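So that you can tell them apart, the chains are marked A, B, C and D in the order they are listed, and the count of residues begins at 1 in each.
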Amino acid sequence: MILELDSIDVVYDHVIQVLKGVSLQVPRRGIVALLGGNGAGKSTTLKAISTLLQFERGEVTKGSILFDGVRVEHSTPDELVRRGCVHVMEGRRCFEHLTVEENLLTGAFTRKEGSSVIADDLELVYGYFPDLKLSRHSLAGYVSGGIQQMCAIGRGLMARPRLMLLDEPSISLAPRVVEEVFEIVQKLNHEQGVSILIAEQNINIALKYASYGYVLENGRVVLDGEANELRNNEDIREFYLGIAGEHRKSFHNVKSYRRRKRWLA
Amino acid sequence: MFYNEVGQFKTSYRADQALFPIRQDLIALGVFLIFLYAVVPFTFNNFWLNTVVIPTLIFGVATIGLNILTGYAGQLSFGTGAFMGVGAYTAFKLTTYFPEINIVILILTSGVTSAAIGLFFGIPSLRIKGLYLAVATLAAQFFLEWVFIQMHWLNNYSESGAIVAPTRTLFGVAITGPSATASARYLVVLSIVVLLTWIAANLVRGRFGRSWRAVRDMDIAAELIGISLFGAKLRAFAVSSFYCGVSGAMLVFFLYGAAEPNVFDINRSFSILFMVIIGGLGSIYGSFLGAAFIWNLPIIIRLIPLALGLRVEPVYTEFLTSMIEGALIISVLIVEPRGFARLWQIAREKLRLWPFPY
Amino acid sequence: MLDILHKIFVGPFIEMSHAPDLLVQVLWEGFVSGTLYALIALGFVLIYKASSVFNFAQGIMVVFSALTLVGLIEMGLPAWLALLMTVGVMYVLAVSVERTILLPLVNQSQSTMIMATIGLSSFLIGFGGFIFGGEPKSMPVALLGIPTGSMQFSVFNGHINIQNLDLAAAVMALVMVTTLGIFFSKTRIGRALRAVADDHQAALSVGITLKQIWVIVWFTAGIVGLTTGIFWGARSDVSFSLQIIALKALPVLILGGFTSIPGVFIGGLIIGIGEQLFEYYWGVQMGGGTQGWVAYMIALLFLWVMPQGLFGEKIIERI
Amino acid sequence: MSHQKHDTFCKLLVRNAEVYAHVPAMREKYLGIWQVWTWAQVLDEVIALSLGYKEFGVKEGDLIAIIGNNRPRLYWTMCAAQALGAIPVPLYQDAVAEEMRIILEKAGVTYVVAEDQEQADKVLQIQGSYKEIAHIFYDEKRGLEKYPIEGLTSLDEVQERGRSLQNEDESARQKWLNDVSKGAPKSVAIILYTSGTTGASKGVVLTVASLMWGARVGNKLSEMTEKDTVMAFLPMAWVGDHIFSYAQSLEAGFCVNCPESPETALADRREVGPTCFFAPPRIYENLITLTLVRMHDAGQVKRLLFNFFLDVAQRVGGNVLNNETVRFIDRLLYMMGKIIIYTPLKNRYGFSRLRVAYTAGEAIGPDIFNWFRALGINLKQFYGQTEASVYVSMQPDGEIYSDSVGKPVEGVEVMLNESGELLYRSPGAFKEYYNNPQTTSVAKTEEGWIHSGDAALFDGRGHLRIMDRAKDLGLLNDGKVFPPKYIENKLKYYPEIKEAVAFGHHRDYVTVMINIDLLAVGSWAERHNVHYSSYQELAANPDVYAMILRCVNLVNKDLATDYFTSHLQIKRFLILHKELDADDGELTHTSKVRRSLINERYKVLIDALYDPSKTHQFIRVEMTYEDGRKGIAEGDLALWDVEVT
């Protein structure tokens, strides 16, 4: 196991409890999906792992996070990056006033090797993301969403990570682009052996690539299992895939009262 | 603990949106007003009235003004001192030309001129915002300061360059000038302050207030839903300068009795900005908390060593004050960015929920 | 009415043509104050470029560093040791600012950060005054090996004199601007600085250590402040009134653009020269003392046309 | 205005419309503010409804089922129906469609008034198999606008029809008033289907006269006037709500407040501030659990103050309320406690303006009873039955003891038969069980005595003490009496335990089956870093078992102190893997335990409890989700022993 979370609690501003007893594991070279609607606590979980939480007045109040067997929940983001855990944040977050290439180069900030080694890595990233090479000199602020997403992942790759945390890469991207991005991520996993933890709302695509999945609902893991097991779990299909019974759920007879969901048995 | 809200329910939206929907708050306010009107003028001696209470009230009005512009409308401004000066000089000129008109009315009308000038210096806000807008207000501050010094017509060509408040009466009692007693001046100032605070509180809750806050929070979105940014910002400048103008006029007529141009310099703008930050951005009663604190801080610092008996040269107290002021602003911004008002609000909320934590 | 128009639009230019040497002298005076404005503004740009925070306390850091230097020299320390000690003091200041203000306020809005720096400037005034006393002090120029005396030139059959001190200041300003310009665009740390300015959370996620970056930036701004303090103190004595003049940096920045280092130099010259010319040819008729507000009026005019200044980065706003 | 003239509820309404014309009669919180109707307005609304119903063919003798939360127009439908001679039949709104069909069919209901889309859907589903329903009316439009069914109309339309009728024909209103004035007290006022703890639910037929007697007695006991105000939040099918929010309100003229929804009932109650409050023990238990859970999360100082002054209250509160003599220091401490804890607590409960609070329907745990009296809330326990128009016995002022139900009410005769069952004779007695003469004859003897079905005894102070349901009263093998309710109430005092079922009839010792409270145990689990993702996982956790063991030991210690009850100590217990729920028929809709069904459905668990060799027992049980979908709940439950002193 490259990453193990043991029932962590996260509280913002000492008051708002966001995560309650979340535990999950990511096997070495595995792809794991963290599923759930917005506000379920997916981004918070990733920020707890990459310790970006401390800069949002959030803190892990209970439980522990082991990366490669070492407790990291109270370390600093740059230490995490040096150990090989990179967090590609939600909404891509490229540096708008830097060019695409400068963005990639900042990705290698923590690397000690000489400029020649970094140049090779640059070519490697361009190999995986050919489109990036075309727009390498334009300001990241002006390129399309898809390119920005690839630039963000490429930037993460430049730090030669062993674990990448991808936060909703499919957000505001066209389905064809999402497919393309996920294909490349899978290739990365196979060829470079980078294990991936993806937080996604788009359950369809996440379960297509991930081997194992956790379902988060307002801060608690309510269900977890193998990807195909989850795919045909009857409650997942009803609430996240909108399929009731065999046919697709029609929304014109939506009730004005809400059925209380019970995750029993 | 003191709140007993059982039995207080609303049967109309108007009642639900009242300024003080909970009865206990209304009672507390009533008691406080009675204390201010009946008890303070007779029990407090001149020292307390002149150095603590009246200045706090007067600067409270200026702080409300700046709060409307910076706290509610989100437009940074360093021109408060100058707008106060405009109010003071206008009142002085008006009372020299129309001595028989009641001084209180003149003071309120002097606010109108400073509102007009505030409006003028608000025009740049159409195209620029944030730091860039700070330049426009700095321009106003330095330019107006220069005008106060240069244009002798403003102070009726007096050699000292200062303006002196002549004696004026209200209902036969002298309220300005040397012969006015502290409690008379206090009562007039209090009435004006209560009136202006009430207007501000409702203004901020109403349509104006909502458009200001929308502009502050996300001006692009505000524009999209149809709020004219320029209109909202200009209104904020106008109302804010009106309050600063009236406060400046009161400062000269009801407190100092006379004033040179340096009373309204950039340092005055900074100290009012401190009052707004510490009091609480975007809160009317927070302005008074901030004004009371920042104005009385140097007095406290001077009193404590005297009480402890050790001699401190006056220049050191000045440095000590600005050190504490600076440190305090930073700590307020870290602990509670919304200032004393928010702390007061949290305390009130805790009392309402007592003994439960949530 | 006509003669007023004449006074404003025609008179001054006639005067200029009559006494060209006087014009050159005024231009040189403008150039000198322009360089000093540029130096102050440089401190502002450094911090803005790296943390999008407009540091109101930059003016006071100039005064504070100069005061420390003079105070140490008066205590009998040799000049070079005093200089070294002051640099140390500025480093300690940079670290403590990062620890007490920048880290706790990491995610706050820009206006909150501005108010924090205003608080910092008020604190530094008090602290500086408390330790070094309030009276203005004169900068022991000779000890620090700064050229004194002046040179005469004859031009347009009149003569102008140029202080060596001002020349040195101009050279120093140019040196600083070029080195910092290159540092920001080409080096690894420079790129990291710009990344932090754009999105400090994303910078963190890539492994840039925020603490280290901010300390570097505030320290360099401190050094720039010290050099400004030395040259400013040499011209007029070192006193807290400088803080008001430091506010002039704002119009300079607006002209030059908040994030461009070369732009700051040009902006500083425009303001410096513009101010002197206006004061000498127009201000006198209006009773003098116009330097106080002319700079801001110039900046306002520019803003009306180019909201992001001459060289500043385009403001990118996406919803 | 002598009593005889106003002998039906409709006549009372007409009187109120004159005498208390401008006094508020009913309030409903809707869209954030309270909508108010005075008595005069209520009369107009009822007339419009009544005439409207007539237009839709409602005639004398028809049965109108009323299903839904407490809504003004559902209460007015009762009066509107009674004016036409029809009989309102309120049902439990949280019953599953299948359960409702049985009652609708048994009663032969022809019209149904459903509150909202949820209830309307159930009735539409029932219409598939029970064809007799002529028309369905609904109050809340949300979601129903697009339903293309012609037998479905909104109450707005009904009232519209009623008002337009009055416009066309001036005399319509007067004709309605004349019919009402001819109303006979003997006529049937309402049919209430009991929750039926033992076997199928029975339809209790109550005449206007008996309900009127109950209302007058109730109002006299609590000195209700038109200035009072109460909350209507209990199920409308329960006699407690009917007598309190309908009969007594009409008789005394006080105001009834309907909360916006069941979830906001507590907050709405705090806004209204009722002067008189009535609820079953379950509501008081939940309040205590809520308080203790929140106080666990409170800060150090608050918790210290809370615990200190709570002890003072437990020690001295009761006698302060009964104004017995108390040491000066205690009285001082109690005064301080009043300012710091008790009044604010009452404020949070919404009880600050309370003159008197009642509990009935089930025996309340003595510790729970004392908790509220200690805080200074004038809580009283009384004993009543649907069949007796509620009031049988009431705790008189000054003589309030936690384990008694007081003395028989004026006009009610009480006696105990040889097997200890309580019988009573009262003007409030019910007429019959609807369409069920056979059980009626069993319950009512010739001389008018009614079998209560509860075992009771008279204690030394002449007060009545209810032991338990007669059928549930068991005997241990050594012949000692075994009252399961008595033990269960002691267990339910602890916030961690939501429900408990005790076994011991024809057994050697007492064992217990426990349901944990998800709220209390969940917050305990969070504090102790216990990881769980579902109710079943938490219920099976050994630490939770240990916690429940501590509670059982405390109960045993308490039982051991009294010679009469020491034989009732619990020897073994288990924690059930699912919550007992009304949808599965294990509880009634007023959350009383259905022992017969539980004994039969969980027989395998009970036998395991009495087989010392077994430490675990597998159980597989069918359960229903909210929307009626069936699911299987299975699990291997641990059985723990408890040493007995």
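Methods note: a contact is a pair of C-beta atoms (placed from the backbone, for glycine too) under 8 Å apart; a residue touches a chain by one contact, two chains touch by 3 or more.
Model, not experiment: these values are computed from the prediction.
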item	value
Euclidean distance of C-alpha centroids - chain C vs chain D, Å	78
Length of the line joining the C-alpha centres of chain B and chain C, rounded to whole Å	33
Mean-CA-position distance for chain D and chain A (Å)	50
CA centroid of chain B to CA centroid of chain D, Å	58
Per-residue multi-chain contacts in chain C, two or more chains	none
Chain-level touch network, classified as line, ring, star, complete or other	ring
Chain pairs in mutual contact under the definition given at the outset	A-C, A-D, B-C, B-D
Contact footprint of chain C on chain A as seen in their complex	50, 52, 55-57, 76-78, 80-82, 86-89, 93-98, 102, 105-107, 109-110, 141, 155-156, 159
In the complex, chain D residues that touch chain B	27, 29, 32-36, 270-273, 291, 294-295, 297-299, 302, 305-306, 339-341, 343-348, 350-353
Interfacial residue positions of chain C with respect to chain A in the complex	106-107, 188, 191-192, 194-195, 197-210, 259, 313, 316, 318
Contacting residues of chain B [partner chain C, same complex]	70, 74, 76, 124, 127-128, 130-132, 134-136, 138-139, 142-143, 145-146, 149-150, 220-221, 266, 270, 273-274, 277, 315-316, 318-330, 333-334, 337
Residues of chain B that touch chain D when the two form their complex	1, 3-13, 15-16, 353-358
